[in-house]
Amino acid sequence: AKEEKAAPVAAKPVFKVGLVTDLGGIDDKSFNQGTWEGVIRFGEENGLVKGTDYKYLQSGAEADYVPNLSTFADEKLDLIVAPGFLFANAMGEVAEKYPQQKLMIIDDSSVQKPNVVCAVFAEHEGSYLVGVATGLKAKADGKKVVGFIGGMQFPLIEKFQAGFEQGVKAVYPEAKILVDYAGDFGAPDKGQALAQKQFNAGAYIIFHAAGGTGNGMIKEAKERSEKGDVRWAIGVDKDQYSDGLYGDKSAVLTSMMKRVDVAAYEVAKMTLAGQFPGGQTLVFSLKNNGVGIPNENPNLSADIVASVNEYAKKIASGELVVSEIPAK
Amino acid sequence: MAFIIEMLNIVKDFPGIRANDDVTLQVEKGSIHALLGENGAGKSTLMSILFGLYSPDGGSIRIRGETVRISDPNVANELGIGMVHQHFKLVHNFTVTENIILGLEPKKGPVLDIKSAAVKVAELSKLYGLDVDPFAKIEDISVSMQQRVEILKMLYRDAEILIFDEPTAVLTPQEIHELMGIMRRLVEEGKTILLITHKLKEIKAVADTCTVLRRGKLIGTVPVAGTSEASMAEMMVGREVSFSVDKGPSHPGEVVLDIKDLCVKNAKGLLGVKNLSLSVREGEILGLCGIDGNGQTELIQALTGLAPIESGSVTVRGVDITDLPVKQRLDSGLGHIPEDRHRHGLVLDFRLDENMVIHSYGSEPFSRHGILDYGAIRKNAERLIDEFDVRSGRGADTKARSMSGGNQQKAILAREIDRSPIAFVIAQPTRGLDVGAIEYIHKRIVAERDKGKAILLASLELDEILDVSDRIAVIYGGEIVGVVDADKTDENELGLMMSGSVRKAG
Amino acid sequence: MNLGMILEMFPIALMFGAPIVMAALGGLFSERSGVTNIALEGIMMVGAFAGASVTVVLEPVTAMAPWLGLLTGIAAGMLFSLLHAFTSIHLKADQIISGTALNILASGLTIYLCQILFNQQRTRAFSYGLRKVTVPILSKIPIIGPMLFYEMYPTFYLAITLVVVTWFVVFKTPFGLRLRSCGEHPQAAASMGINVYAMRYAGVIASGAFAGLAGATMVLTQDIQYTVTSIHGTGFIALASLVFGKWNPWGVLGAGMFFGFSQTLSYYAKDIKILASLPLEVFYALPYVLTIVALVVFAGKSVGPKAAGEIYDQGKR
Amino acid sequence: MANRKLGDARKGDALLVPIVAVLLGFVVGSVVVMITGKSPLVMFNAMLQGLTGLNVARGSFNPRYIGELVIQAMPIILTALCFGFAARTGLFNIGAEGQLMIGSLAATTVALLVKAPAFIHIPLVLVAGMAAGALWGAIPGYLKARFNVHEVVVTIMLNYVALHMNNLLILNVFGSFDKVKTAPFPQSALLKDPWLESITNGSRLNWGFIPVLIAIVVYWFVIEKTTFGYGLRAVGYNKDAAKYAGMKVNRNIVLSMMIAGAFAGLAGAVITTGTFNFGRALSAAEGYGFDGMAVALVGSNQALGILLAGLLFGMLKAAGPLMQSNGIPKEIGGIIQASIVLFVAMKYGLERLIAMLRLRRDKASSLPVTGEEAGV
């Protein structure tokens, strides 16, 4: 690895990265945005020009995936990144049509092509940690009910639910966990309605794995807390602390970070260095800090953070194995 | 004597046609002034100019001696000019009062003051003997009542000059009679009336003066008292017109259309036709007359399959068509000229040639195996246009919408006669047409009779019934109250029967 | 399903119902004046965009920001609807085509403006939007209190007020009489000296105001920012409510609330024993199926304003 | 009146208005691009490439774009035929989207469950899509005919029902492991063809264009040339007159909606087995219905008009990635589309404008445009 960052101008490489977003768009506060941030970081560090050396195409429909990827492939970019397992088929097709094109897909391990690198995450591990935090916090405050709101109910999101449930139960077996799926990743109104429902049913803390839908939940937690009826939200993908701000407080207890930015950044760096891990599936887990909670957790007491870290160590070391499938 | 209205040298152009060509019209205050002319002569256009709907391309208007520019109906209103349009301009789901006060609403604070408005309407209605219920909805009242609402609209606005555009086309003789009374009453109260009508008799009955237009040009203004109907007609058409229908005696054969104990529900779900029996023989015209709303429409719609039959039977030459759908009725030899030519008679957005095959497009030669043969369709239209003298801008290519009412009617007539039905139901065939067109249509109907067709002719026009029919059936309250021979009856007797006061077996 | 659950559903259902009712009232004004407005969706988007933008920008400055956002939503809706008014009234456009154009334009335009203003595909997120209120005293009333007065968005009361106002204006004032006459028989109205163009402009612009307000309300109560999916078909639901409510403000209120409730029901379905075994998708589809059923059951003669959708031509007989 | 004259079109000048509308649409697009600080030339270059595959700036040729143009145009042409067909019968069908989804669902079902050689399997898939779309279209048709329920509301509602029904079955019945799509279809069910892909430099071009072309011809033929089409048009313009003439009005309404639905259903089948090779759960409608509506309106519900307008809008879509890649916001395409539709709506104004320009050019006699011609 060459780490001569001292003179970026002189060492400016000719390297182009493209991101194709899914329907959510580049600023979805979720994994499209996360991936883009990784690309930006890579671009800035290497003195690339935004809009020409690194850029993105936004998809308006699933039918746009292939033409968008192909357009970049025709431009012979050095790396094309696409976040989301929905890209799996399109990625497979394009990989075949452009065997020289280096491609990366996030959240999917099914595309087995020599010119594609897959990045997947151990969401259940990170979710376990926020589950632990949730359990401890609820127990400490004498609350019995917590909740989970998922976007759409499919295995990827069930990993979040599974990890969260195991984490809560590990520290607070009596806790009741409400579970709802919104059927949508971009509907804050649904998130808000489901949050109202769960909060009304006594939920003290809600963890969401619902992208934009979860924003409605955070909003509801914020509004209630501000009025003195303290409730907590747990963010996902990125550190959502700032989304929960009211006054100088935040209703976001902590977040389950899924470092898609790291994945994109790392793969881009490897590719630039001529070490494109084609055909491999990279797993981002607690072990390599691919998932986890933020470094700063102002709303968590020190002892909760300490226990969370303990669990993190156990999981990272393999001592504790978290199941990916929710208990029925 | 001072003229209250002076329209001087009016010119109005429409694309391709000069509707008014240097027309001068002078009307004395307190008189009834008739306006006469063929369809399309420019009468409505002239009145629309006076009412501010169109602006003239030339000429000037003086009201009460002052030159005015009537740029829109508001100005006309302010000048005390009101107009009853050929097609009523009433909002159907509004009440009588709401229609009358529209645009000039009394208020209590910001709120509509319907109550005091209704009182005023009731007063006006009483003053002129109009007898209108201020709270009735327009869609629930008869056509003549609607017309009275139109009159009230003008009176409510204190109009001094009242324009009536073909007010009697939709009225029954009794109603026409009442309207004449109302008009005289209005004149007595100091109003001035401009009356457009195709009926010379009416002009004779009420008008003081008559102005005749032909093809947009002024032919002349004559005092009614000293001018005969025949000479007025000649001024209008430019040739002599025969008023009596030229027909020989009928030679009725066997019964073709047989109606037995027919019951039909009306729009309100009540029986509009009750146990009605009637038969029409081949080679005769049976006139059906009655006051509007006494079941004619229901009867005709039931016969032709547009409304379901509750009970009873209808046969055409012995074939029971009671429950048959429209298509099969037509195939059994029934023919139908509908009362409402725009609603039923034509697809206004189709070309004339397409309209001419509306029944027969599915059969040879107009189509083969479900595929249309436009060549044959066009040929057919051209033949009919030629034979029936249907006039339109672009021949077979003309959109039906852009044809004049008279020519639309001729087109329907051509189409239906050409089908050669054996039993022919004809409703209001000459509504709103000028005497020339009426003459022609009557001739064709009689010709059909002479070919041995059985014809049921429904009309609100008593003259038409008396002139064209061989026998006359009178309908009242959904029942036939009498059947009489046309040459053995008169307007008076029919009138009495139509009002239900006399019954007479046929 | 128990009483508590039903009470709980109220505030949620009314949150969903309020913008539907507002937009449908807008449609009512427009159609009553004789102009079909299938652009409610697009106008709502524009209103939502404007409302969210102003709220985001002004939030740090004033607590009135969301209210100013609502006002801006109204103004933006009016401005946008002017396009529909101009093309369909002055240029005698087919109102369906014009409305469709507005709907397509709205999504392109708002997102384009977001990019100019915020450098992203959506507005920045505001931190509060409108806040719920608890009405003192009234909220203490048993049953009714928690249903209607506890932690409710003030826009619900606004919607109810607008229903009353609409009813009053349309059915009790001279303006309303004139407006309706233009939707039923514009030639008749014109012959009475009413300026049909002006009335139709008024109707369409009112619909812009209402739909703009509805859009702003929606984004400020149910979202955290404006995105291209913020309105997600609510304008069309409002259009359906207008038909379902038979072009009458009270009917519209009922229809809008019906939608609010059936949507809310889908969130609670899984907690209701007899429904719990069904797949979620069944409940997502429920509001729409119920609407069709209701339309069939209540199918009547009542049709909309006769002349709605018709191009006004003075010369027409 | 009930029959909006959606179906009305005139000859001669009829073509002029859409052409002027399209040009003006591009003018608006250019202005917007300039406001963004970019050169409209970049946009036009992208569009030209989207249309012909030629990149003038770089002097390269990539036929893939032609293939993609066709791919983008196919479904919206079909949904336009769907909207247009109903419109010609006086019905306002906003339900193309739902009919498409149901068609796609049926195609998925047949593709997955039936085992047959391609020459049977493919037609079966297409027919299934059409039949399902027709059935879905029959619902609003029947409700309108039988209960006089407004088709606009029913079709809007059915779009949502179709979405959730599609998801229900894809997720719970045909779901593959990730539960958002089905297993891939067998090769025998696919319209895809490596040869077509290779001649267009790896685009997704597939045999779907054959049924689309057939659909356009059928549309034209049925409406303009058959007695059946005559009946449908008559019902569209004047129900009462159609009834008077002995036509089965209610049956025609249902049939018309069914045929319209079949077009959309076919679109669903073509997308699922041509563009994709698996059934998909959707989180929201994809907009094919509204695109189709716009195409039909710009093409004034005429077969040829729809074909051309469909290709135009397909081009805008195909050029989308190119524009984006050059820093032009993807919304420009939408803004241009909307402007074109808006200008088409302004027909009357445009006609007057054209007449005025003509009048100025040849001061000889030229009649002003009458209300009649303006589509009163």
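Note that the chains are named A, B, C and D in the order they appear, and that numbering of residues resets to 1 at the start of each chain.
Simple rule for what comes next: contacts are C-beta pairs under 8 Å (C-beta built on N, C-alpha and C of every residue); 3 or more make two chains touch, one makes a residue touch a chain.
Just so you know, these numbers come straight off a predicted model, no measurement behind them.
With respect to subunit A, maximal separation of chain centres occurs for B (centres as means of Cα atoms).
Ranked by C-beta contact pairs, the top interface belongs to chains C-D. Averaged Cα coordinates give subunit C a centre that lies 28 Å from the centre of subunit D. We define each chain's centre as the mean of its Cα atoms; on that basis subunit B and subunit C are separated by 45 Å. Note on chain placement: the centre of subunit A and the centre of subunit B lie 77 Å apart, centres being C-alpha means.
Within subunit A, contacts with two or more other chains are made by residues 58, 153, 183, 186.
Residues of subunit C in contact with two or more other chains: 229, 232, 281, 284, 306, 315.
Looking at subunit B, no residue sits in touch with two or more other chains.
Interchain contacts (touch definition given at top) occur between A-C, A-D, B-C, B-D, C-D.
Of all residues in subunit D, those touching subunit B in their complex are 3, 5, 8, 225-231, 233-234, 237-238, 240-248, 367-368, 370, 372. Those residues of subunit C lying in contact with subunit B across their complex are 172-174, 176-178, 180-181, 184-185, 187-194, 306, 314-315, 317. Of all residues in subunit D, those touching subunit C in their complex are 1, 4-6, 32, 35-36, 92, 94, 143, 147-150, 152-154, 156-158, 160-161, 163-165, 167-168, 171-172, 284-285, 290, 293-294, 297, 329, 331-335, 337-339, 341-342, 344-349, 371, 374-376.
Within the complex formed with subunit C, the subunit A residues making contact are 25-27, 29, 58, 153, 180-181, 183, 186-190, 192-194, 196-197, 200, 212, 215-216, 218-219, 222-223, 243, 245-246. By the touch rule above, subunit C contacts subunit A in their complex via residues 8, 11-12, 15-16, 120-122, 125, 127-129, 131-132, 218, 222-224, 227, 229, 232, 264, 267-268, 270, 280-281, 284.
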